[in-house]
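Shared between the two complexes below is chain A, which pairs with chain B and chain C, respectively.
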Partner chain A sequence: MTASDRDRTDPGRAEKSHESAVSAIPDGGTVNSPFEVVSEYEETRRDRLRKLYDTYVYAPISIIKRDWRAQIGFTIVLFYVFMGTIGVYLIEPTYVTEGPALAQPFETWEYPLGTDDMGRDLFASVVHSTSEMLKMILAGGLFTVTLGTVVGGIAGYKGGVVDTVLSSITDVFINLPGLPTVMVLALMLPIHGNPYLIGVLLTIASWGGLARAIRSQVLTLRQEPFTEAARSMGVPSHQIVFRDIVPHLMPFVIINLTNAARRVIFSAAGLYFLGVLPFSNHNWGVTLDLAYSGGAHYRTGALHWFLVPMVAIVGISIGLILLGQSLDRVFNPRVRARHEKKFAESQLEEVDPDSDDDSEPMIGAA
Partner chain B sequence: MVTIGWRLRRLAQALFTVWAVITLSFAMIRLMPGNAMGAMMVRFEQQGMSPARARELVELRLSLDPDKPIHTAYVEYVLNTLQGDLGTSVFHNEPVVDLLAAALPWTLFVLSWSIFISFFIGIAAGALMAYWEGGKLDVGLTSWAVLMGSIPFYVLAILLLIFASYRWGIFPSGGRQPTGVEAGFNITYIRGILYHATLPVLSMLVASGVASLGMRGNSIRVLGSDYLRVARLRGLSDYTISTQYVARNAVLPMYTTLLISIGEMFGGSIVLEYVFNYRGLGLLLYEAFNQRDYPLMMGGFVLITIAVVIALLIADMTYSWVDPRAGGQNSDSY
Partner chain C sequence: MTTSQSTSLDDPTAADPVVEIRNATVRFGMERGESRVLDDVSLDLERNEIFGVVGESGSGKSMLASAMLDAVVEPGILDGSITYRPEAGDPIDVLGLTTNELRTFRWEEIAMVFQGAMSSFNPVRKIDTHFVETLSAHDYDVDEGMERARGLISDLYMDPERVLDSYPHELSGGMKQRTLIALSLILEPDVLVMDEPTAALDLLMQRSIVSLIEEIKEEYDLTILFITHDLPLVADLADRIAVMYAFEFVELGPTEEILQHASHPYTRLLLKSTPNLASPIEAMRPIEGSAPDPVNVPSGCSFHLRCPLADEQCVEVDPEAYSVSDSSVSVTGSDSDSDLSPDSDATSIPNSDAGDHVANCHYWEDAPETIPMTEEWDVEGIDAIDSAPGPSRTADPLVSMEDVEVHFETEGSFLDFFSEPDTVQAVDGISLDIYENDVVVLVGESGCGKTTFGKTAVGLQEPTDGAVKYRGQDIWDLKRSGGDGTMSFDTVRRALQIVHQDPGSALNAHRRVGTSLEVPLKRWNPELDGNDRKSRIVSLLEHVGMSPAEDYIDRYPHQLSGGEQQRVALIRAMLMNPDLILADEPVSALDVSLRVEMMDLMIELQEQFDTSYLFVSHDLSNARYIAEKTGGRIGVVYLGELVEIGRPEEIIHDPQHPYTQALRWATPEPDFEGGGMGGESPIREIDVPDPTDPPSGCRYHTRCPEAREVCTREHPEPNEASAAAYHEAACFRTDDHHEYWNSPSITDGGD
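The block that comes next holds the complex of A and B.
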C-alpha cells in the first residue's frame, strides 16, 4: 500500500494530522492499515438515537433559543402561516362598500387598518391574501430548490458531456430576465390564477443561479476522500450525489429556500402590481395595483392604502431573511462549535482561526 | 493558449444562449397554446377582416409567414432575428428594432448606475460589518441590510415617489428628460437627465442590502483563514491586509452575485419604469404587453435577454482579470 492510498482512506480528518507524523515512513510502507482499525467504543442504538437527537433537535433548538434573529424570524413566519390557515376562518372576507371609502387606519375596530376607495376592509383583504401567497411561496421555493440541487448536483458530479449539456441549459435560464419571461409565459399559458402554477412560473428563471452555485460546490466536494471512498466501493453515482454529497450542502440549500421564497413574494407582488398576472382573489400586489391606479400616491388621506400591503410584503420578507440568517447559524459549524463552548467558557467574541478545521466532520453530521 | 480556449468556449456558450432564446421566442409565437400568431389572427378577424387579409397582416407584422411549414418558418425567423428584423409594432406602426434601440440606452443608463452604486455600497458596508463583527456598527448595519433586503425595489420606488416627489416636490414624478431643453450635449440637459434618473436609481439601491450581507459573510470567512494569520505574523500593515488580502478574496464570490443580479435588474426595469413613467425598455415592454402588441413584446423579450447575455459575457470575460487564478483551465471555479 502506497503513501497516497493511505492518505485517501484515512478514516477521520482529526486523526490525520497526528497520524501522518507517525506513519510518514520513507520506505512507503505502513504498519497501521486503517482497514484493520476497530472502534474502541461500542455504540448502542440508544447512543445513536441520542446523537441524532443532539444534532438534529437539541442543537438547533438551543441555538434558536439564544438567537434573537431566529426567534423573531420564526415568530413572523409562523404568524403569517397562522394568518393564511386559521386567520381565514376567523376574519370574514371583505366586499365592496363594506365600509366608508378610505376610512383611516387605527380608528375603529371594524376596519382596523382602514378601507380602500371602494370601502373594502384592508385588514381582511391582507389576511385573505396570505394563504394564496403562501401557496405560491411553497410551490416556487420547492421547485427552485429541487431543480437547482438536482441539476447542479448531477452536473458537478458527473462532469464531461453531462456537465456541458446541463450547464448550457442552466446558463440559458440564468440569462433569462425573470419578470419579462414570466409575463410572456403567463400571457400564453393557461394558468388561470392557480397559485401553485404561478409559484412555479415565477421561479422558472431563478433556479439557474442555485444550480450553478451547487455545481461549483459539488466540484470541490467530489474530490473529498469520502466521495472517493464511495466511488471505489462501487456505489452508483446517483446515490453518491444524493446520499453523500447533497446532505453536505443542505445548509446552503435551505438558506436558498428562504431566499427563493422571498424572491417569489417580490416577483408575485411586483407582477400583480403591474396587473399582468391572472388572479382569482385579491392579494397584496393587486391592492398595490388598485392603490396606484386609484391615485393613492397623490390623493390625501390614502397613504394607508399603499402602506398596508407594503407592510405585509416587507414583514414576511424580514421574517424570511432573519430565518435564513438564523438557519445559517444553525448549520454553520463554527457557530455550533462556539455555541458548545459556551457551556464551558464565557462567550468568545474573537474569531477562532482553528475552528474551520474542526468544523468539517460536523458538517457531515448536520 | 488555454485562456484563449476558455474564452472561445464562453463565447460559444453565449451564442448558444442567444440561439436558445430565439428558439424559445419562436415557440412562444408559433407553437405554444395561446401563441402569439393565433392570438393576432383572432384579433384581426374580430376587427372584421377577412381571414386572408388577417393572414397577410400577421405576416407583415411578425415577419413570419403563417402558411409555411414549421421548419422553414423557424429557419426564416432565426435568420430574420439575427439580422435585426424583429417585425413591425402593431401599435406604433414602426419597426420593432427602431423602437427598442431608442429605448435601450435609457434603461442601460439607469441600470448601470444602480448596479454600480449598490454594489459599491454593499461591498463597503459588508467589509465594515465583518471588520467589527459583533460590534455596534455590525448590529446597526446588519439591521439596515436586513431591512433593505426585505423591501422590494418597487415598494421603495412608490414610497420615494410619494414623498420625494409628490409631498416634498424635490424630484420630478416621472419622465426621463427635462421638458423645454434642447436634447444634446449641454449641461442643463445632462443635469436634467441625472435629475430624472435619481429616484429610479435610488430605488434600486435596495440591492445593496443583500450584497452587503453576502460580503460580510465572505469577509468573515476570509478573516478566519490560515493565510491571514500568516499575513499578520509576517507583520504586514493592517491596510495591506484589509485591501490586498481580505477585500480581494471576499469580493470574488460577489462577482457571481453581481452577474446574476444583472439579469434580475433588467427584468425589474419593467416595474421600475412603470412606477416612474420612465420611458425606457421596460415601459415599452409593459405597454406592448397591455396592448397585446406581440411583435414588440417578443422583440423586447429577445432584446432584453440578449442584453443580459452580453452583460454576463463581458463580466465573465473580465473575471480572469479580477481573479487571475480563474484565467486558465480553472474556469469552473466560479
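The block that comes next holds the complex of A and C.
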C-alpha cells in the first residue's frame, strides 16, 4: 500500500509541502513565490552530459537488452559493421587465380566459403564489398527518412501554400518511374561508383511515399491539444514539428528507415546484377552477376558461388527488420518509463494502474 | 465460491426480483497481483423498479453491468451466481448458459445501453440496417419489428422516417443516444441496463433523456439498472440507489432514504463534494485522497484511508451491511463483527428487506453527526448569500472582444460551383470585456460555440469578423504588422494562455512532466539554467500538492492520474505568467469528488498571480461555484450568441432569459429535504437547431416556451435585464414596453 499510496495526492500533504516549498528555497530571504525559485547550484557541463546519457544511451540500451528481436538484430547488424570496418584490415583482398577454381566451401581454412571460377576467394570478396554496401544503405536510408519526415512534417503542420508547394513536389517524385529513372540517372551522372551517391540515387523515388504518409499523420496530430498548448506558449513552428509531433511518429519513421535500407540493398544488388550501375570493386550484386554468366545455376559444384552473396544479402536484411521492429519500443513512453534508471530503482513495484500491460482488462472496470 | 442458492431463493422477504446477483466477484490476474474489480457484490433487482448505481470512475460499476450479462472481458474470471427470473417460466442461471443461449438471453431478456452512442453504431451503415440486423440475428419478424422500432423512435420524440434513413453521423449526440435506447428495446427485453447513458451529453439533453426514461419504463414495463457517476441525476429517477466504492456496495437503500439519511461517510462526503446550485459554496468540500487501486484494496473497510470516522476497527474488520433505520439498530445477517469471512457482508443484503436501507459502516450512527450536510447555513438564507465582490470593472479592459464572429465554411462538392457554401456560424457577434482579475464563465450546450469563442479570446482562433483587443491593441493586426514598438505579438502570446479540457492529450505523451514544464521557461526565461529550471518546477509541483516532486518530474503523463495531469497543465500555463487563461472545461474530465479541489486550486492560483480566467463549462453548478467564489460573471451562450450575462446571484436566482431558465431547470440537484423538484420541461424541442441554418429572429424561439410571433422576425439585442449591475439579457421580455407583449404566442401549435 505504501508504494502505491505515494502517487496519490492528498490535500493535507499539499499544505505541508507548500510550506516546505517556501522554506526550502536555498538562498532564503527575498523569494516567496514558487514561481521565482532559482537553484543555488550552477548547472555543470557534466550534469548536462549525464542527463543526455541517461536519455539517449542508458534507457534505449536497457530496453533493447530485454527484447530478443533486438538482441538478434543488433548482433547481425553489428557483425556486418564489423566486417565492413575492421574486417577489411584482417582479410586480404582477393585476386584472380589466388586459389583453385571453384573450391568448395568449408573445405580449407584458406578459402572458407570457397572460390569462384577464376579462383577468387568468395569470403574475402563478401567482406570487402560490405563496407561499400553499408555506405549505400546508410546514405539511402537517411536520405529517404530525413527528406520524407522534414517535407511531410512541414507540409502537414504549416498547411496552406507551403503545403500545396511541398505536396506537389512530393507528388512529382512519387510518380517518377523508379527503376528506369535510376538507370538513366546512373548512366548520365558522374557518380563513378561513389557508394553514398548510389545510395541516394536508389532511393530518389521512394521518399515521396513516406512524406505523404507523414503529412497525413501530422494533419491529425496538429489538431491535438498539446500542439495547441505549444502554439499558445509561442514555441516556434519548427520546434513544434520536430520536438512535439515527430516523436509520436518515430515508430513509423524507424520502420520506414529499415525498409528504405532494405530497398537499397535489394535494388543495388539487382542493378549490379543487371550491370546497370558502374562499379570498380566486386560486391554482392556483381558476384551474383558473374555467377549467373558463369553458369553457376547449371554447373555442378558451383552452387555456392550463388549462395554466398545471397546469404549475405538476406542476412543483413533480416538483421535490419528485427532491429527496426524492436526499436519502436524504444520510442514508446510507457516502455521507456519502466526502464529508465530512476524508475528502475524506485518503482519496480509500482506500476501505474493504467500502464499498457494491464490496460486491457481495466477498460471494463473504468 | 459456493453459494447456498436454495436458501436465498426461499427468502420470503425478497418480493419479486427479476435478477438476483449473489456474491459476484470479478478477478483479473495481473503481473503485479490479482485485481478484484468487483468484490463480492449481491443485489436483488426488483421487477419494474429503477435501480441507480452510483460510483466514481474505476469503482467497478460498469463491471457490475458486464457481470449481469456474463459479458466480463477476457481474461477476467466471474464467480458467484446470477439468476434471472422471467415473468413466466423457470429461473435461468445466467452463468450456466451456453454461448448460443447467452446470445439469445442478452438483448431479448436483458438489454444494455452503453455510454458512447457514437461508437455503438457502424458509421458506414444507415440506422435502419442496425435495426434490421438485430431483428434478423435473433430470428424476429423484421416487418413487425420495424413497426415497433418506429413506435419506439416516435416515443422518444424523433421522426422515425428521418432517423431510420440517416447515417449515424447525421444525428446529433442526443439523438444517437435516444436511437440507441430504441435499438436496445427492439427485442422487448424485460430488463434494461444503462451504463452512463447520458455522460457524454449536455445537461439539457441529459435531463430530457432522464425524463424520457421514466416514460419509456412505464410504457414498456421495464426494470432499469441505471449506472452513473452523477448522484443528483439519478436521485431524480431511481427508486433505489446503491453507492459503490472500491468495487463493492457501501450503501444501498431507497432514494429518499439515501438522500436524507445518508449513513455511510463516503455517501455523505460524495453528496457534499458535488457542486450544485442549492447549497452555499462553503458547504462543498472535496473528499481527501483518492480511490484505491484494484490490486491493493485496503484491508478492513476499504474507505478507512479517507474516512474521518475511521479507527482501528475499520482497519481490521471489514464492515458488513448494517441496517439503517430509526427504530432498530440490529445487525442483519449472521451477526458478530469478528466474522472475517469474505462472505460476511454479502449474505446480509439478500436477507434484508427490499425497502431496507443498509450501510457498510461500523459507525453509521455517528456519520450524520460527524459529517453534517447542512453546516451553519439554513436553506432559506441561501438566496441572500452574496458572492465575493470581484474586481472593479471600471478601468480599461484587459481583453475586449467587439462583435466577434467566427464562421466556418464547409467545403462544397467538386462540381458545385453555383450554390453558396454552408457556413457554420460558431460565434455570431459576441461582445465581451474581460478586466484584470476578472472571471467570466461561459455556459451553454455543446456545439453552441463557447469553446470557439474562448479560443478567439486568447488568440488561438482568428475571428472572421470583429476585433479582439488586448489592452487596446487589436491582436490580429499586431500579428500581421509585427508590432509597433510599444507591444509585439509575443507579449500577447505570452499573456493569453489555455488549459484544455482533456489533460491526457494536453500534455505531450512523449515528454516527461519536467520536460513539458521546461518549455515555457526555456522560451521566456533564457537566463535560467537547467538547475534553476528544475528547482522552480520542483517548488511548483510541491505547491500544487504533487510531492515528492523529484519523483513526479521524471514521470510521463500516463503515470499521473487525471487530476495530477490537469495540475501539470495548469502550472505550465501559469509559468508563462499570463494575464488571461482560457480554461476549457478544466474539470469535466475529472471525477466528481476531485472537481471542487481542482477549482479551489485554480482560484487560489488566480489570487496569487492576478490572472483573469475565461472558464468554459457546460455545467451550471460548476460555473456557479467558480463565479461565486471569485466574484465573476456567468455568460450564457446559445447558438453562437451571448444571450445572458450577469453575476451568479442573478443568473442562478433571477434568470431573465428563457434559455437560462431551461439550463437552471436541467441542473440536477440533490434533494435533501424530500419532496419533488423540477417540474415541467421548459423547452419545447429537445434538439438544438442546425447551426448551419440558425432560426431567424431570436435563435431560441424554436424551443422557447415564451416565444411569440415577433421573436421569429426580430432579433433581440442585449439590454439591461434587472436592477443588478452587469446583468444583461438578449430577450424582448426584459423590456416592458416592447411590441412582444402584444404579439401572438406561437407555442400552442408548437408541439
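A few remarks follow.
As a convention for this text, the second predicted complex is superposed on the first by the 265 of 366 C-alpha atoms of A that agree within 3 Å, B and C clash if a C-alpha of one lies under 4 Å from a C-alpha of the other, contacts with A are read in each partner's own complex, and residues count from 1 in each chain.
Just so we're on the same page, contacts are C-beta pairs under 8 Å (C-beta built on N, C-alpha and C of every residue); 3 or more make two chains touch, one makes a residue touch a chain.
Just so it is clear, the model here is predicted, and its values are computed rather than measured.
Of the two partner chains placed by the overlay, only chain B lies in contact with A:V314; chain C stays clear of it. When the shared chain is aligned, no partner comes close enough to touch A:I191: not chain B, not chain C. Touch criterion not met for A:L142: it reaches neither chain B nor chain C.
In the superposition on chain A, A:D171 makes contact with chain B only, while chain C stays out of contact range.
By the touch criterion defined above, A:Y298 lies against chain B but remains apart from chain C after alignment on the C-alpha atoms of chain A.
By the touch criterion defined above, A:I254 lies against neither chain B nor chain C after alignment on the C-alpha atoms of chain A.
By the touch criterion stated above, A:V88 is placed in contact with neither chain B nor chain C.
In the superposition on chain A, chain A positions 334, 349, 351-353, 355 are in contact with chain B in one complex as well as with chain C in the other. Note for the complex: chain A touches chain B at residues 168, 171-172, 174-181, 183-185, 187-190, 205-206, 208-209, 212-213, 216, 219, 262, 265-266, 269-271, 273-274, 276, 288, 292, 297-298, 303, 306, 310, 313-315, 317-318, 320-322, 325, 328, 334, 349, 351-353, 355-356. Listing the residues of chain C that touch chain A in their complex gives 28, 30-32, 35, 37, 57-58, 60, 62-63, 66, 72-73, 75-76, 286, 288-290, 293-296, 298, 305, 458-460, 490, 493-494, 496-498, 500-502, 505-511, 519-520, 523-524, 528-532, 534-536, 538-540, 542-549, 551, 554-561, 563-564, 569, 572-577, 597, 608-609. Those residues of chain A lying in contact with chain C across their complex are 1, 4-15, 17-18, 20-21, 24-26, 33-39, 41-43, 47-48, 51, 224-226, 228-235, 244, 247-248, 331, 333-334, 336-337, 340, 342-343, 346, 349, 351-355, 357-358, 360-366.
Per the touch definition, chain B reaches chain A in the complex via residues 13, 16-17, 20-21, 28, 32-36, 133-134, 146-147, 149-152, 154-155, 158-159, 161-162, 166, 213, 217, 220, 223-226, 228-229, 256, 259-260, 263-264, 266-268, 270-271, 274-275, 285-286, 289-290, 297-298, 300-301, 304-305, 308-309, 312, 332-334.
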